[in-house]
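There are two complexes below, and they share chain A, which is joined by chain B in the first and by chain C in the second.
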Partner chain A sequence: MTEASNFASSYDLVVIGGGPAGLAAAALASRAGASTVLFDENPDIGGQIYRGITSTPIKSHAVLGEDYWAGAALAAEAKASGALIVTGATVWSLDPSRLVGVSVAGKARMIQAQRVIIATGSLERPFPLPGWTLPGVMTAGAAQTALKAHGLVPDGRVLLAGCGPLLWLLAAQLLRAGTKIEAILDTTPRSNWLRALPHLPDFLLSSYWSKGLALLREVKAKVPVIPIQRLSAHGEGKLQHVEYRSSGKDYRRRVDMLLLHQGVVPNVNLASAAGVAHRWNERQLCLEPVLDVDFGSSVPGIAVAGDGAGIAGGAAAAERGRIAAIAAVHALRPSASVPDPQSVRQRLQREELGRGFLDTLYRPADAFRLPEGETIVCRCEEVTAKQIHDMTAMGCEGPNQMKAFLRCGMGPCQGRLCGLTVTELIAAGRHARPADVGYYRLRPPVKPITLAELASLPISEAERKAVER
Partner chain B sequence: MFKRLDEAASIVAIEVDGKTVRARSGDTVAAAMLAGGIDHCRTTPVSGAPRAPYCLMGVCFECLVTIDGVGSRQGCLVPVRDGMRVETQQGKREVGR
Partner chain C sequence: MARIADVVVIGGGLHGCSTALHLALRGLKPILVEKDYAGRHASGVNAGGVRQLARDIAEIPLSVSSMAIWEHVEELVGDDCGFASHGTVLVAESEAELADFQARVDDLRLRGFVHEELIDRTELRRLVPAVSDHCPGGVVSRRDGAADPFRTTQAFRKRAIEKGAEVMEGVVVTGLSRVGGQWRVETSGGPIEAPKVVNAAGAWADRIASMLGEPVPLEVIAPMLMVTSRLPAFIEPVVILRGRKLSFKQVSNGTVVIGGGHRAQPFRDQNRTVLDWQKLAVSAATVWELFPVMREATIMRAWAGIEARMPDDLPVIGPSSTSEGIYHQFGFSAHGFQLGPGTGAMMAELVATGATNVPIDGLGIERFAAS
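After this line comes the complex of A and B, so read on.
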């Protein structure tokens, strides 16, 4: 295991996140001669898409599918490139001068980077519904992680609910692993189909088309799919049943596990805290960084690649990582040889084709994004939708004021899960646009660290004298 | 809540609230707890409600546990080690751990 004391004090390139974008970027830059370190906070590289790619206990390629195993080549390429790859490494600070604060095994270090590529990927869009905090309710992505990294499958009566490609992929993977799924509660609003139609021609040209159709067929042959318009989870201390509305009728169903999903959104916390400008994407209903054609951000020397730059999937993420890395190498070592950026851009364009259709079709319904009443919004501080509605009515203008009034977003997750919900709820209450309401103002440390970790930072003679006097 | 597809892996033993839980080498603490039938990782500081891992990717902090005496560790990011002592976290982290 690499220890913090082994790090150099500076690197040409620091890559944060070991998913497809980070792995591709680190491999390319290191091959081109840039001193490169990649940090990932998980126990293994691969990010979430290729989670557990070098260590998964799932040996049958059929269970997770060939798209998953494509990650093995990427991981091998990064490992062979000479880049220093450090797992179990939490980056908790990044400032506009590209000073990176990172902790490994309880020891912290500050590292100066000439260039930084943030490749922190995406997270699942919040799915706040009554009872979503009960044990037994988790995200589809969590179940997928349990399967990929640990060979675990949900036990008992399993329900999936939501919309989006990942939900169908997880369903197929669980079925192939032998899990029985009681039903899929499909939250896709019917009206989305009409809006998505204009995007259909591009979608038919994309790789998603045939893959998506095959997945739908595979799942629908084995699992009933029920369109729903309302959903709540219930139980004493853990999930025991769900209630849902389908075609105007209410149903109640006993269940042991409920897996929720309504798409993924960029994980903006680190980039935001580093001062990177963001904007509201109305089609995907999320914040995304403002980037140039090389994925460079508003902060010089800091790029954001992968799904963190806007949702486009794993294959696109790798191409984005390569484009960002080529730009970094150009800036650091203009004479180094790198792949032709034009061909990478063309591959990226092909991968991004079809997103318009998916984003429009699977745009989650208001009913599953804008909760009401006693539904918990901020899971950490147990702040309810009603409290946020009431504070907005009293004149609370944005998420940062909401923190002061309700401690909303002030728990250990630092607003990661409730951020989008809070912004959208306040916008709805104020009849304003989410872009005008804004988002939590994030600042380092973006992950909690202990005082002991901070105290482990090396101290220079000048710093020691400054406090000894 | 979860079961293992493959039981034939190298096994380590961790202790959760004094009870021995067998885990696969390569598990995280949160995965080992889910597979071990432990139905929650922590209780909340506000109402004392039980919470279990929600995202398993380091985002939600619902899997906070005390590991070898250090509180508020994200169970989904820490790999198990033979003999590791894990305690479910009751409410907020206490001073001194």
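After this line comes the complex of A and C, so read on.
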């Protein structure tokens, strides 16, 4: 275990996040001679896609699939590279001078980085439907985490609902692990198929095509798939049944567990708090950082790689990490030997092929992004869609004023669960574009830390005793 | 065609909004111009302390008059602004510090001010049971309290509009010139003409003063604050220290706001601040020592608001020394929130009548004329 007090006060490169992008970046930079530290807040490296890669109790390769096990090579490469890899390390602050605030085992440290690669990946897009806060309703990603890290599978009557490639992957993984899934409620709007058609040729050339088709076949052979247009969860104290509309008819179904998923979006909190410029991606309906060809951001020395730079999946994330690392090494040690960036870019391009089709096809419907009435939007502070709607009607122009009026986004998750919903609700209410409404101004610490941890930061005696007014 | 007003108020912080409201209550037609939105900066994000305690002698009359408004703020603006009056306690950390406080309280008595009251160890424990054992006593101002800063600024803004003020947000002042007997205020939303102008532009007020050939040594500062997750109620009054930088309060939702004046790095042209965690760690260590109950509390957010500080830590209040019809109301040096309601009333009186009943001696801009 690496203690916080053992860190150097500065590193050439600090990599934040131990998923594919972070592992690939740290391995490449360290091998090129840059002093490199990688921080990951989980007990083990791997990120979401390769979660538990060095420790999962699931040993059968078939359950999680060969794409998952590809992460093992990446993890081994990073560990052998000489980079310092610190797990259980929460990065809670990053400022434009690349000072990194990190906590490990209850102790905080500030570390100066010459370059930073943010590889904090993605978050599941919020799925704010009536009853989504009931026990028994969880995100598909949370179920996948339990499966990968602990070999746990849900039992009882299980329903999956939503859309997107990951929904099918999780369904297949759960089925292989022995879960009985009663049905998949498919929220993909039928009209999306038409819009996605122009992207079909690229998709047919991509690796997604054959893999996706095989997944769909595998799942559909075992589970009925019901297209739906509306969904709500109900129960006293815990989930007991769902109600949904399919082809104009309403249904009610008893259920013990509902797993929700409608895609993933970049996790922008750390980059945003560091001052990195972001823009609204109209196709994917989310914020993404503004980056150059090397994944460098608007803040000098800070790059964003992986899905945090825009959703493209695990294999693309690793290539992005390599490109960002090559740029960092060029800046730090111009004479060091690094892989040819052009060949990495070509691999990345191949991996990104087909995203247009998936993004357009699985763009979630308004009904599942723009809640109404008493549906909770901000789970931390229990703010409802109606409150946001009313406050918008009264003239509240943006998410930051909404914070002040409703404490919306002021809880422990710092808006990670409600940010996109709030921006889109205000935009809809004002008949404005989400890009014009803007997003929460994110404040460090981007992850909560305790007062004791903060007080453990080394401070000089002079500062402690300073008599100042 | 220029818009016509009786007074142009520059700046939509609490001070600007309060002045606009009080001008409107006097039957004048003010137009308030704000470059962002009301309460965007220090007025909306400060610690919310409503404090008469430990103020400079020059400010006490304004502070006392302001407190009279705070105690009836709902009658004025139709909202209680979240104001709760549980007192402010200045905690002494040593006998020597307590002796200094005694001298201060005695001095105030001689000047006729009785709001500060020395308390011993027993009374300190009664008011602040969670305070660390090493503290021998302190000073209390029992009518002090705290309010919700953004809500307060919004309430003053809203009532000002109801009473006839016009508020232009997202509008930047680009120039000031004398046209006949009028001031012509150039803005990104078109020109406005008025005989009087109030400069309540906060951290940007020196730029307005410069347009008048009246430079001031204004420092742009960004005092930092932290807030914790919700805790069970354990403290009512606001606690401040003298020897070390700390202001500390638990608000009604259970969260604890920790401030005290450690500063972030401000970038006023970008509306941005960069926090200094080494200094916030000093705040955390101070709280650790003073309130053992807080040690496992979780810090949820830290932030800083951009505002102005003058070299003597006192605001600039009163008529311009170079330009007739211009009035200054800025430079509150990290303690202007409590003064907002009273200073607005005083300023409206000064603008409307040319004189004020509340003394503002020693606060005028002419004190920087030599610099």
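Methods note: the second predicted complex is superposed on the first by the 461 of 469 C-alpha atoms of A that agree within 3 Å, B and C clash if a C-alpha of one lies under 4 Å from a C-alpha of the other, contacts with A are read in each partner's own complex, and residues count from 1 in each chain.
Here is the rule we use: a residue touches a chain if its C-beta (ideal position, glycine included) is under 8 Å from a C-beta of that chain, and two chains touch if they have at least 3 such contacts.
Just so you know, these numbers come straight off a predicted model, no measurement behind them.
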Open item on the list: Contact-wise, after the overlay, does A:Asn267 reach chain B, chain C, both or neither (first, second, both, neither)?
Closed with: first
Open item on the list: Touch test for A:Pro341: chain B only (first), chain C only (second), both, or neither?
Closed with: neither
Task: Partner chain(s) touched by A:Gly101 [first = chain B, second = chain C, both, neither] - done: second
Task: If touched residues of chain A are counted for chain B and for chain C, the larger one - done: B
Task: Contacts of A:Pro448 with chain B and chain C, given as first, second, both or neither - done: both
Open item on the list: If we overlay the two complexes on their shared chain A, which of chain B and chain C does A:Asp155 touch? Say first, second, both or neither.
Closed with: first
TODO: Classify the contacts of A:Ser93 with the two partner chains as first (chain B alone), second (chain C alone), both, or neither.
DONE: second
Open item on the list: Once chain A of both complexes is superposed, is A:Pro412 in touch with chain B (first), chain C (second), both, or neither?
Closed with: both
Open item on the list: So in the superposed three-chain picture, is A:Glu382 touching just chain B, just chain C, both, or none of them (first/second/both/neither)?
Closed with: first
Task: Set of chain A residues, in rising order, touched by both chain B and chain C - done: 411-412, 448, 450
Task: Residue numbers on chain C that touch chain A, as the complex places them - done: 37, 39, 44, 150-151, 154, 228-229, 242-245, 253, 261, 272, 274-275, 277-282, 284-285, 287-288, 294-303, 313
Open item on the list: Help me check something: in the complex, which residues belonging to chain A touch chain B?
Closed with: 41-43, 48, 55, 57-58, 88, 90, 123-124, 133, 135-139, 141-142, 145-147, 149-156, 177-178, 237-238, 256-257, 267, 379-382, 411-413, 416-417, 448, 450
- [ ] Using the touch definition up top, name the residues of chain B that touch chain A in the complex.
- [x] 1-6, 9, 24, 26-28, 31, 34-35, 39-40, 44, 46-47, 49-62, 64, 70, 72, 77-79
- [ ] Note which residues of chain A are touching chain C in the complex, please.
- [x] 93, 95-97, 99, 101, 108, 110, 275, 397, 401, 404-405, 407, 410-412, 414, 443-445, 448-452, 454-457, 459, 463-464, 466-469
